[in-house]
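In what follows, chain A forms one complex with chain B and a second complex with chain C.
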Partner chain A sequence: MTISLSQNLIRSSLPIAQGAEAKVYKAHLTPESPPILLKYRFQKDYRHPFLNANLTRSRIAGEARAILKCLRSGVHVPGIRMVDATDGVLGIEWIEGQSLRRLLPGGAEDDGSDNVDNVDSMDTDILKEYGVSVDELMKLIGIEIAKMHRVDVIHGDLTTSNMMLRRPESFTSSDPNVTTELVLIDFGLSYQSTLTEDKAVDLYVLERAFASTHPDSEPLFAKVLAGYAETTGGNWPAIKHRLDDVRLRGRKRSMVG
Partner chain B sequence: MPGKTRKTPLKDADRDYLALGLEGSANKLGAGIMKHSKDGAAIVLSNIRHTYITPPGEGFQPRDTALHHREWALKVINDCLTKAGVSMHEIDCICFTKGPGMGAPLQSVALIARTLSLLFSKPLVGVNHCVGHIEMGREITGAQNPVVLYVSGGNTQVIAYSRQCYRIFGETLDIAVGNCLDRFARIINLSNDPSPGYNIEQEAKKGNRLLSLPYATKGMDISLSGILSAAETYTLDKRFRAQGATGDEDTITPQDLCFSLQETVFAMLVEITERAMAHIGSKEVLIVGGVGSNERLQQMMGIMAQERQARVFATDERFCIDNGIMIAQAGLLSYRMGYETPLAKTTCTQRFRTDEVHVAWRA
Partner chain C sequence: MESFQFNHNVAYALLFSPVNNPGKIKQRIINAAKATGSEGNEEREAVNFSFIDASLITSRLHLETAIHQAIIAESQGLLRTKTIHSEILFALNPTNNITEAIRRYGVSDTSNALFVVHIVDSPGPISDLEIKMKQAVDGTMVPFDELAKVTDWDKIEKYHKLANEVMEKGDAVQARTFIDNVAISSVAMKSVMQ
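Right, the complex of A and B next:
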């Protein structure tokens, strides 16, 4: 069996991380070109091969499609550099910056154990470097999601791990008024939908991710919604109403009040 | 364990402690006696269970299940005490399932617990069923701080511990995975003995054709009801042969459907578990709940864990499937932290989320 071009590219790249779904590499298409990020959806051996091949193909293609749609409508997402759906490889722009999870209280636990106390002071310092307060950051999250939902893209896996802050030196805009750029990443579970329901569930997924990762996050998430509401405009009441419904839907939830 | 581990708030036992655990939130009635001895060991003295089994094609109704529990309570508890070789007078506390579960069976067992408590003047401890599963799994396997996949007939949750609370990372948005499998077993008329899930597992071993079913993960949540409907639709397909393979090429057998259902649903479960592990950076995964005794699920989880240099902890049917000892274990932990449920508060509730419990005994 011959080795495909994508496989070859992966071999010459630097492994960065292994997420739940994919291995991530830093690669160069040509020696002089700027780095790109390769996302390789490797074969999951626990899954039936047939199921796996179908899922990989549809997820890579779907991911590329969603990112393109976002790019065209001004949502901050990484640019697309290459797509190979059969091999499960997606090449996107390399973003200099940091994952939001690590910038928020409680998110910096890296060993799964509970050591929240000593990171609080650190967070604010890093955020200062990006020129943004926590409140502004929350609003930015809401705005980006609203922009994405406006073009009917549903992210499907909104967590603070899937958001990044660009370093000031690599902004896409040259407007001096722009002090921060929040980038949405990982569209692996995204899909297109015009339904209020899907948008509400998207927000609900993020709310739950906030609650489970960043303790006492309720006031934070309220600010996310405020930013979202502002940008969404007329559609907000309907989405808010649906979000309230979705919250009641999880199992074994108390039905009081 | 890397990183800082805080000192556990649970003090060493100053003497031996004995707890009787009573469980009856679904169709299993269980009684078990747990001993926490002075040297720190937790010993299972006895673990007796009786299951209410309904005919093929039928589920268990709350009223009949409650009746079963009432009829079997004396025998199960007596057997449990005899096997353990202790008398009721030596017990420190009586632990019972407060919820979640079916109302009528829960009430029957709570009533039994109250009666015993008044007869022998023993304190009562109400226990969250899900926390019982987690604590028993941790005790048996020795997993320190795992991501927990709790899969049973009534619950499907991905849980991780943080700040004295078992937080739910992902869960089913509609029906539980065990419910999905059980109901499919009913559709194809599989026996409920020893359990519908077990029989599906055996049938799935004979299937080899993967039929396409919806694959519904939403972030860390999953949805299962559509998959059940899709699987049921296949049984109405003209290619479906209820009696199994006939040698024809293009047929769909119940075995194929069991196989496809398991492969699809378990892949979704493993996927959300892996996502939770990646999200919090954990290297341990613990499977609890009745569906957790499915060997194919354990195998798939094992492959996933191996890929990410993590470890899987699973228990066998004695501790996976609902039992009394897990209630005794979780109850005794909170009893040793000074927690008792006063008689007036020994009500049950069908809705009692895992994250509502204050996990006082962990750092």
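Right, the complex of A and C next:
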């Protein structure tokens, strides 16, 4: 069998990371084109090829649709640059910046546990480059999630790893005080829902991710919720109420099945 | 002549602005499609290009994305239209209506600026190609940078139904960046659109 077009593109790309579902590459469609990020949902040998092709196609389609819906509604997400659902390749805009996980205290992988009490000095140092304070950053997270929930997109995997800050050098804004932009990434587990329950669980997942990745993050998460509440407006009381319920029982509503 | 050197294929493109004979080009494509015999083949070969209304293109990347998606579709035998060149027009249109895609994005009597695109399997001599393109179009050949002067942002905003979203943008520059990104993304995900 000859090598498909997208396979060939992947071969000439730079591998970045691999997870259970996909491999990620940095690529250029043509030598002059801006870089893009390729998410390649590789073949799962344990699945029947027919089932595999169908699942891959529908997941790529789902991810692309969620991104376009967010993009149209002004949620900060990477633009789509190519789709090859047959081969399982999704190409999105390359975001020049860093994952939030690495910008917040405790998230850096090589960060030893001994400088946990040094939290304040270290995060301001890294964040200074982006021109935002930690508090402002938390508010940005809340605003972006609220914008996404307003159009009934549920991310499904909100963590600080799935958020990025754009580097100020590669970002232009009409407002000189805005130096960066918080971008939501990885819509691989996203879906559409109008339910308060699903939005509350989305927030709860992020709260748990905060607690397990970043030490002493309760006050930080409170600021995320403050930003979310402000942008959500009238729907906030219902979501807040439901979030309190979810906190008591965990993210699974039913104890059976 | 501008070229897009993809891994598998190469697309060559010229931008003409203004164009003096859009109606004639359109009629010629229609006639070529109906013509029979060796004369028909010759005539089809003479207009074997994608003629794209440049006023509906937001950026080089917008055009490149449409070409790339058309190449992918052809390589998998998944063309929704008859040729790879008409597939570019189909990819550009936000709906699945082929007639509408050709009417809007193809050459029409009112086209003022045109992209002429030809896709080949491997790089080849471009002088012949350039001559053929110039023979088909009576117009002024300009560099791609001139696209900024011909893009009709209001029309693109309308076709993509972005009026409300654009109003929320602070200024024209932001609005255009936004429209460009949505247009490129729509083209890229056309094959999995609902």
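Miscellaneous remarks
Keep this in mind: the second predicted complex is superposed on the first by the 219 of 257 C-alpha atoms of A that agree within 3 Å, B and C clash if a C-alpha of one lies under 4 Å from a C-alpha of the other, contacts with A are read in each partner's own complex, and residues count from 1 in each chain.
Please note the rule applied: a contact is a pair of C-beta atoms (placed from the backbone, for glycine too) under 8 Å apart; a residue touches a chain by one contact, two chains touch by 3 or more.
Remember, predicted model here, so these are calculated numbers, not experimental data.
Of the two partner chains placed by superposition, A:194 touches none, neither chain B nor chain C. Contacts of A:4 after superposition on the shared chain: chain C is touched, whereas chain B is not. Once the two complexes are overlaid on the shared chain, A:51 sits against chain B while remaining clear of chain C.
Those residues of chain A that touch chain C in the complex are listed here as 4-6, 8-9, 12, 29-34, 57, 60-61, 64-65, 67-68, 71-74, 79-86, 91, 93, 173-175.
By the touch criterion stated above, chain A contacts chain B in their complex at residues 18-21, 44-48, 50-51, 54-55, 109-116, 156-159, 161, 189, 201, 205, 208-209, 211-213, 215, 249-255. Contact residues of chain B toward chain A in the complex are 1-6, 100, 145, 155-156, 160-163, 167-169, 171-173, 176, 210, 212, 215, 217-221, 263-264, 267, 270-271, 274-275, 277-284, 299-301, 303-304, 307-308, 350-353, 356, 363. Across the complex, chain C meets chain A through its residues 4-8, 61, 64-65, 68-69, 71-72, 75-76, 78, 162, 165, 168, 170-171, 173-174, 178, 181-182, 184-186, 188-194.
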